[in-house]
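Chains: A, B and C, in written order; residue numbering restarts at 1 for each.
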Amino acid sequence: MSEPASGRGLRVAEIAQLLEVDFRGDGDCLIESLASLSGAGPRSICFVSDAKYLVDLPACRAGAVLMRAADAVDCERTVILVDNPYLAYAKVSQWLHGAAPSQAGIHPTAVVMDGAEVCATAEIGPHVVIEAGASIGAEAVIGAGCYIGAGAKIGAGTRLAPRVTVLHGCEIGQHCRVLSASVIGADGFGFAPERGKGWQRIEQVGAVRIGDRVEIGACTTVDRGALDDTVIEDGVIIDNHVQIAHNVHIGKYTAIAGCVGIAGSTRIGQNCQLGGGSSVVGHLQLDDGVVVFANTFVTSSLKAGVYASATAAQPVADWRRNQPNLRQFHQLAKRMRQVFVKVCSDQNTTANSSE
Amino acid sequence: MSEPASGRGLRVAEIAQLLEVDFRGDGDCLIESLASLSGAGPRSICFVSDAKYLVDLPACRAGAVLMRAADAVDCERTVILVDNPYLAYAKVSQWLHGAAPSQAGIHPTAVVMDGAEVCATAEIGPHVVIEAGASIGAEAVIGAGCYIGAGAKIGAGTRLAPRVTVLHGCEIGQHCRVLSASVIGADGFGFAPERGKGWQRIEQVGAVRIGDRVEIGACTTVDRGALDDTVIEDGVIIDNHVQIAHNVHIGKYTAIAGCVGIAGSTRIGQNCQLGGGSSVVGHLQLDDGVVVFANTFVTSSLKAGVYASATAAQPVADWRRNQPNLRQFHQLAKRMRQVFVKVCSDQNTTANSSE
Amino acid sequence: MSEPASGRGLRVAEIAQLLEVDFRGDGDCLIESLASLSGAGPRSICFVSDAKYLVDLPACRAGAVLMRAADAVDCERTVILVDNPYLAYAKVSQWLHGAAPSQAGIHPTAVVMDGAEVCATAEIGPHVVIEAGASIGAEAVIGAGCYIGAGAKIGAGTRLAPRVTVLHGCEIGQHCRVLSASVIGADGFGFAPERGKGWQRIEQVGAVRIGDRVEIGACTTVDRGALDDTVIEDGVIIDNHVQIAHNVHIGKYTAIAGCVGIAGSTRIGQNCQLGGGSSVVGHLQLDDGVVVFANTFVTSSLKAGVYASATAAQPVADWRRNQPNLRQFHQLAKRMRQVFVKVCSDQNTTANSSE
């Protein structure tokens, strides 16, 4: 486990005050880190969001626990009483373990081309390359080895982890984070077939526009638009290995789990959730609030609702018996319908004849 | 949207001449950029490949439009008359927005090892590493932070975007493009199990050979061969997040969409198309012209034709009801067949008895 | 094909001695490289693990062949007689083609921060960044452009290919390999929803702990833990484009093929095998020895055994007919059961009435 940043502890009373809630017990207790119930020590704080973990509480050595008042009735230890322990845990994690402030300055091995604008309070790591016309906002952190293309803009307070690539003309808003090895603004996959001559490339003239407080994971790609821009609105969160093709538009607060692929020109609404491994074909519209389970294959536009398509693992012997049936399913279904009609009509005949 | 390169405009008459087609209207109209119908200005050119977009044309401010003569009959604006507007759009995009010529020279932060050959007209970006014995062809562009391994060869006019990795001994032909964060020639996944001792690595002795005019997206991997080479023929186009395992062979002009995985030693023919998210197991042969829909799982060799396998998203309530039936499908199918036989034989019996 | 390292040849008798087996024929024959049956020359060695390839042997120009005694009965060429030719091939590949020893030293373009410990025998490539508190073990090789975060530890003999990112506090054991563009220790995807305000980030306080002799492919991500660590035990092998989420635990000798995704907090046992493209949802337990076929979707904990779920490609005409039936499968299944009961009861009635 990585060490908490030294000197960033908070007392229980301070945490309760920041959360605007009550606490019971030792308000002076110094909390230096978050921990799991089993990994906690006297300067750690834990959370219990599910009552099933209450049984683990007596053995837990944490200095304090974030929990619901209803769960804490018989609890004699130091507790901070919250309505939503998971949300409180998130906030406390930021106060205790949030990234250190940017260290203003440009590392001597970084290459900043003439005509690039780097705010004096930004931190530019080793071996970064910033091309002409790019701009880096106040207190932004550009990790080691990042590439910022010509005319790209990185907003104030945004942090790029090491080895992020942002291509020319793309814009990332304020207080975003992009994790390592991700690529923002690679050319979209656009080619026109020419008979007998293969594929003619379509130059991708659009860029990528990313709003504020967007989080993008590692090894994720957001392609630049063909003509207009690919757009990701404020507060979107995106996990690792996600592919967002050219001219996709993703609405505010939508969450996209790992290994999702979204094909070109599809619009995903606000407050949607795409489960891990799901994929969405191109030129669709997913309305606000659509929820898609893991590994779902979306082939048509969807109204608000919950959707799924994947079949779960089964023992291989069953699977082998099912496979041939699945492939000739339409024949089985047809026979099934014939039989149903036959049996029903027999039944009717019988019924009639017995009248 | 990124700016078009200054000074690269073309007049309408010039575009028509390059396309070897006729135009109507103002041949002197200067066109500086491609645009969508809604985003166009007087120095933009648009295209209409589908008649359903003709209704948007009156409001479009473009200087000229690429369209079919049949669609342009009543159109009073400047039009360039083409048989295939989408293909014409691709070509015009290259003339207006194609990459600037390489800027000959090696950036002072690049590391070029003794014994590497870099053509004087090649452009080598900041923080590039070129190992001994590697060679970089004329007018090639090696983006910032690329790594070119020992003995690797990059052909004339080929462009590697920033942060591409090409490992030792791999060859990329002429006029190819590889986008950021892709890895050409990583070791194939080859291990032999040794009882009670886990896995013994099999050194991957082959390399990767890529033909001319091949396009490879971002975050894509093409593994080196175990003994012989992994091969990608001329004019193949490959999108982002694609995995091409060791000793795969991909035929000319084949197109591979995003998030596709192809397992070891499989041969994909020429002019194939693999839809996004599809996967192909190892040691198969896909004949020329095979088309595979998105998210298809290919487990056997395929003759020319169109194939699919994925099930589309449905409302989660339906999905929940279907799942248990799908898992015990073979039992259902068996009963179904019993019933069918029974009902048929009843029918026969009835038929016979009624004779 | 890449060249074998010069001067690393072995004589047939030496290879047999290293394998602790017998040979027949020319023990002095110098072997410099492994080759496929069709690509071999007189200084190559081949292997035959499947008797179906014996027909190709007469035309093969290899100096020696690794094969089973039973397959070599009538073979007059130089053979090394082994029980498991594939395993022998793996071992010989390491002796002939294993990586060259590390070249001790730190490239002048590498940035090693104060307080980092780099063993004198380690090889640190160009443009590497090693942050304060990190340590690099004996004879480790850190490829060009790698990033080693603060406090991270790289064990002795471990090799990172160019452009690997290891974030702060993560530990990689001895004799591991990580291939290009992979990211170890990116933040896990942890966010708590706050009504009307989107997502609150949960700082990821854990790290990644990787054991000895672990192999990790290219473009693969292993996320750091939320509170405790993400753990990969000794001897695990992982292919390209794999996503391992926060707090996953992977047991010894487990093999994970390309494009697999494993969601948070799932525990995979020892000696498991996950086929390419398979995915495992979070908070599950896969027991030791679970085998999952390619493209399988695992949604529940699994006992030792073999599992599958994916449906294979079919001609698109069949697929189109099957799709609507699959979506309304529960209705069909219901009717099917009604008919079955009806026909059975009819049968019973008939049977009874005929008594």
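Everything that follows uses one rule, which is that contacts are C-beta pairs under 8 Å (C-beta built on N, C-alpha and C of every residue); 3 or more make two chains touch, one makes a residue touch a chain.
Remember, it's a predicted structure, so these values are computed and weren't measured experimentally.
Peer 1: Rounded to the nearest 5 degrees, what is the angle of the rotation that puts subunit B onto subunit C, matching CA atoms?
Peer 2: Rotation angle, to the nearest 5: 120 degrees.
Peer 1: Same or different: at the subunit A/subunit C interface, is the fraction of residue numbers used by both copies above or below half?
Peer 2: different
Peer 1: Using mean CA coordinates as chain centres, what's the gap between subunit A and subunit C in Å?
Peer 2: 25
Peer 1: What are the residues of subunit B that contact at least two other chains?
Peer 2: 109, 127, 145, 163, 181, 219, 241, 259, 310-312, 314, 326, 332, 336, 339, 343, 346
Peer 1: Would you tell me which residues of subunit B are touching subunit C in their complex?
Peer 2: Within the complex, subunit B touches subunit C at residues 109, 111, 127, 129, 145, 147, 149, 151, 163, 165, 167-169, 181-183, 186-187, 189-194, 198-203, 205-207, 219-221, 223-225, 227-229, 241, 243, 245, 259, 261, 263, 279, 281, 292-293, 296-300, 302, 305-312, 314, 318, 321-322, 325-326, 332, 335-336, 338-339, 342-343, 346.
Peer 1: Mind listing the subunit C positions that touch subunit B in their complex?
Peer 2: By the definition above, subunit C touches subunit B via 1-4, 33-36, 38-39, 84, 86-87, 89-91, 93-94, 96-98, 107, 109, 125-127, 143-145, 161-163, 177, 179-181, 213, 215, 217-219, 234-235, 237, 239-241, 252-253, 255, 257-259, 276-277, 294-295, 310-316, 319-320, 323, 326-330, 332-333, 336, 339-340, 343, 346-347.
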